[in-house]
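Next come two complexes, and both contain chain A; in the first it sits with chain B, in the second with chain C.
Entry: the complex of A and B
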């Protein structure tokens, strides 16, 4: 089948998931108004907004990583990925929705509905105030609200603009091949990648690292990027396998699946390598201003923190090392789901210890909101998938891609 | 005397060779070896080459490297001359594990990679000073050869084998 049809059963599942998310949202809001004292009120506020940020960033990251990966295929003029190009385009369609939730969190912070971003409080940079914080004041040349908003709008806007441009040109290509359009895509992708290289790092500092305002790590941008890249590859693989299993996308053969398995395997190593590189240098140097990031994570969240590292590192390594396992649907789906949960926990660990200190929990609000976002993400992506044929037939590497064969 | 000679079919195209090998195998002839200037896609499945065991060898070399480096690090850094680097206590191996990971990793990779390369060279006997074994000099340039050992295919006479080879589109059939 060349065209994806969004079955009503699947649609109903995504709506049920969104419903669970709504219940969790209502419960989170009820927690805020039902809290007995100021301490619990603050925690309830931080809990709800942190979870919107975690899920907004996690799912936005998948969409961004898919667009990044598509741009890499254009620039490398890689042939094999043509049959999964429409999957990558559809994943990118979540970017505007994800950006909405990110903007919502930033706007709520700007207007002091929550204090996830401690530095947004004007008192901390005011030398007259008792709350004055000289370290944050020293960073205010970069971390100030106007510049923060300029960056956020610029990054989100440019990323979404590039995705729309790739998508439009890809749909135009279905009507007829044009060499000029193809090379324009290659050029656009190269420009996008240069911009993405800088902006993805800066975005991770702004949106995630600035929660722990006093702390900084030069590796943080790469660490965040490798995490979203891995989740992007995992979701691409899962979606490709789902389509193949249901009889769509007959052009997808065992070699494409093998290659996707290699990407999941390889990028999970990149992520584990960067996790360790960031951890080991800080552990070794043992400088107080640097270890403040790891101490609460290791002491208050010992099992989640080390657990998510070991799961995200060992499971893909052991289970996907064998060649045949990279072609096995059962292995890929199981490992994919484990890694997806593992990386949701990684995002949780990047945000919660900074916003809720030792009070973070994983209860119905966390799981419910994550499922709600999963439902919304699936709905948007699968809906985008129905809008175009599943394979870009006029792509110049189409023939190369359908004859892709590796061992 | 002539029974110890091997029979070669020389081709000028890898596609014709693949098709020819398929015909030979289909008739029940055992193809001993194929010579080519570059890897021919899928030929190992046609002529039935056994799956390589170099991955198992690589794992064993890597394991050797990992064990050697654990023993070495433990002896150098813990037992023989305990050192205090950057305020890290190192009376125990586990407490310093994070600092040792890069060395463990590098030495494991070093042993696995060198072990694999040496195994490959020794197994194929392509060592310095060893003379080339290709049946025809042009199999390193633009020609491809199929090697058949007549004594492995006693069902066929040598003339039959030559005839079948010629039918598959060889440019030359010769004994060596």
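Entry: the complex of A and C
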């Protein structure tokens, strides 16, 4: 089948998931208004908004990573991946929706509905105020609302704009052989990657690292990037397997799946390497300014923190080392889901200790909202998938891709 | 048979046959060297002798003959060490990572890049060796059974991790290189007309007969080694970076160091491969195999890794400001505007600005421009290490200790000397080894050869 049809059964599932998310949202809001004292009120606010940020960032990251990966395929002249290109394009379609939630969180912060980013409070940079914080004041040349918004709008806007351009040219290519459109996309991909190289790091400083405002790490940008790249690869693999299992995408063969498995395997190593580099160097030097980040994570969230590191490192390493496992649907799906949860927890650990200190929990609100976002994400992506043929037939590497065979 | 898109460039130019490939690659080994080779070899030997003289002088007199002092106790030597190790990186990347990524253009450049790796790592290992002062006790870096009194290595020290990382790296690179050479040595053996060379190449080729079974094993072992060597590409320079990053010295202690050093190493390694191969393709007439497209691909790797290094430079600068830590901020201000501003400016110009020219297709495809920029990168990457090491040390926490580093003639002589030794080895290699993986190259002739590609249309 060349065209994906979004079955009503699947649609229903995504709606049920969104319904669960809505219930969790209502519960989160009820929590805020039902809280007995100011402390609990503050925590309930932080909990709800943190979860919107976690999920908004997590699912937006998948969409962004898919677009990044597609750009890499263009620039690297990769032939094999043409058959999964439409999957990458469809994943990118979630970017505007994800961006909406991120902007919602930033706007609510700007208007002081929550204090996830406590540098947004004018009191901390006001020398007259008792809340004055000289370290944060020293950062205010970068961390100030106007500049923050300029960056956020610029990054989100440019990423989405590039996705749109790739998609448009790719769909135009379907109408007839035209190398020009392909090469235009190659050029755009190179420009996108340069922009992405700078903006992805800066975005992670702005949106995540600035939550722990005092703390800093030069590796943080690349660490965050490796996490979203991995989740992007995992979701691409899962979606490809889903399509194949349901009789779509007949051109997708065992070699493509093997290669996707290799990407999941390889990028999870990259992530673990960057986790280790950041952690080990800070642990080894043991400077007060830096260890403040790891101490609460390790002491207050011991099991989640080490658990997510071990799961994200060991599971893909052990389970996907074997060649046959990288071709095995059961293995890939199981590991994919575990790694996805593992990296959701990684995102959780990047945000919650900064916003809720030791009071973070994982209850119905967390799980419900995550499922709700999953439903919304699946709906947007699968809907985008129905909009175009599943394979870009006129791509210059189409023949290479459908004859892809490795051992 | 794999399909190949018509928009891909041919990787073997001219009307080559399998036999012609063998002829072309074996020619430098079987024929006599030209004048150019002898001239280059003479210069290299003289430089090498000068370097060896300076090394002998250092060992005889102690490292007091260097420009080091109590504040700047690492400078020229460790700069050279990191520079050479970094250069070695491209070989492993080309042989291992590009193999895993099924890059066919790799076949034309992997042999020389791997040879370069081996020689560069040898040059690198020399520096910590002589820096120890008593080189005859160099084996003390290994955790050997302790009969010498209170002597035991410090497992907490990244310097020891370096010993393991680099020796593993050297061994695996050597094995990788050698296994690839076996079928090609066999080809030279079979063609040898004189008894002496035949005997030598017959020993070197381990009785290779070209059976299918041997080829299957050859390909399997190559993939296994590639899988093992890929983490090595990351680990070696990560651990070199930890020599600095585990400290509490501003400008050294920064978490981005491991991946940033790896990117920088690949960057400098590719620049050196570019320098060597642009020369080699002319000297031994291999323009049909190391084509303009190969050079362009290498330039793309250079511009990508160079941009990563650029992102890391700016990240460091930004975080120094953002951290609010006075020492951190001063370290970077001092780098850019202090007494070593010229080193910093050279680094920025050579590593960040000039490679940006490769974003233009015309420059990427221009061989002279590629050669010049590759030299720039080689220089810039040397300065990068010098900037990191010396500017962070020369003004430490106690202003009374502040001083400058002045290299002596011995420092300079040893560095120039290692370049000489490196070229002696490389030039000898170019005359005795098949400089292209000729048997592997044959495997892509029918899919990527100019004549075969054109025949289809």
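Assume the second predicted complex is superposed on the first by the 407 of 407 C-alpha atoms of A that agree within 3 Å, B and C clash if a C-alpha of one lies under 4 Å from a C-alpha of the other, contacts with A are read in each partner's own complex, and residues count from 1 in each chain.
The criterion applied here is as follows: contacts are C-beta pairs under 8 Å (C-beta built on N, C-alpha and C of every residue); 3 or more make two chains touch, one makes a residue touch a chain.
What you are looking at is a predicted structure, and each value in this text was computed from that prediction instead of being measured.
Asker: Once chain A from each complex is brought into register, does chain C clash with chain B or fit beside it?
Answerer: By the criteria stated at the top, chain C and chain B clash after superposition.
Asker: Counting only touches as set out at the top, which of chain B and chain C does A:405 meet: first, second, both, neither?
Answerer: A:405 sits against chain B and chain C alike.
Asker: Identify the partner contact of A:197: answer first if only chain B is touched, second if only chain C is, both if each is, neither if none is.
Answerer: The second partner, chain C, only.
Asker: After lining up the shared chain so the two structures overlap, which partner does A:142 touch, if you call chain B first and chain C second: first, second, both or neither?
Answerer: second
Asker: Quick one: classify A:217 as touching chain B (first), chain C (second), both or neither.
Answerer: second
Asker: Output check: A:287 vs chain B and chain C. Expected answer is one of first, second, both, neither. What do you get?
Answerer: second
Asker: Of chain B and chain C, which one touches more of chain A's residues?
Answerer: Greater contact footprint in residues on chain A: C.
Asker: Common interface residues of chain A with chain B and chain C?
Answerer: 280, 284-285, 405
Asker: Would you tell me which residues of chain A are touching chain C in their complex?
Answerer: 75, 77, 79, 135, 138-139, 141-142, 179, 182, 190, 194, 197-198, 201, 205, 214, 216-222, 262, 269, 273-274, 277-278, 280-282, 284-285, 287, 289, 396-397, 399-400, 403, 405-406
Asker: Note which residues of chain B are touching chain A in the complex, please.
Answerer: These residues of chain B touch chain A: 41-42, 86-88, 98-99, 101-102.
Asker: Help me check something: in the complex, which residues belonging to chain A touch chain B?
Answerer: Of all residues in chain A, those touching chain B are 276, 279-280, 283-286, 405.
Asker: Quick one: which bits of chain C touch chain A in the complex? Just the residue numbers, please.
Answerer: Interface residues on chain C, with respect to chain A: 2-8, 100, 102, 231, 234, 238, 242, 245-248, 253-259, 300, 307-308, 311-312, 314-316, 318-319, 321-325, 359.
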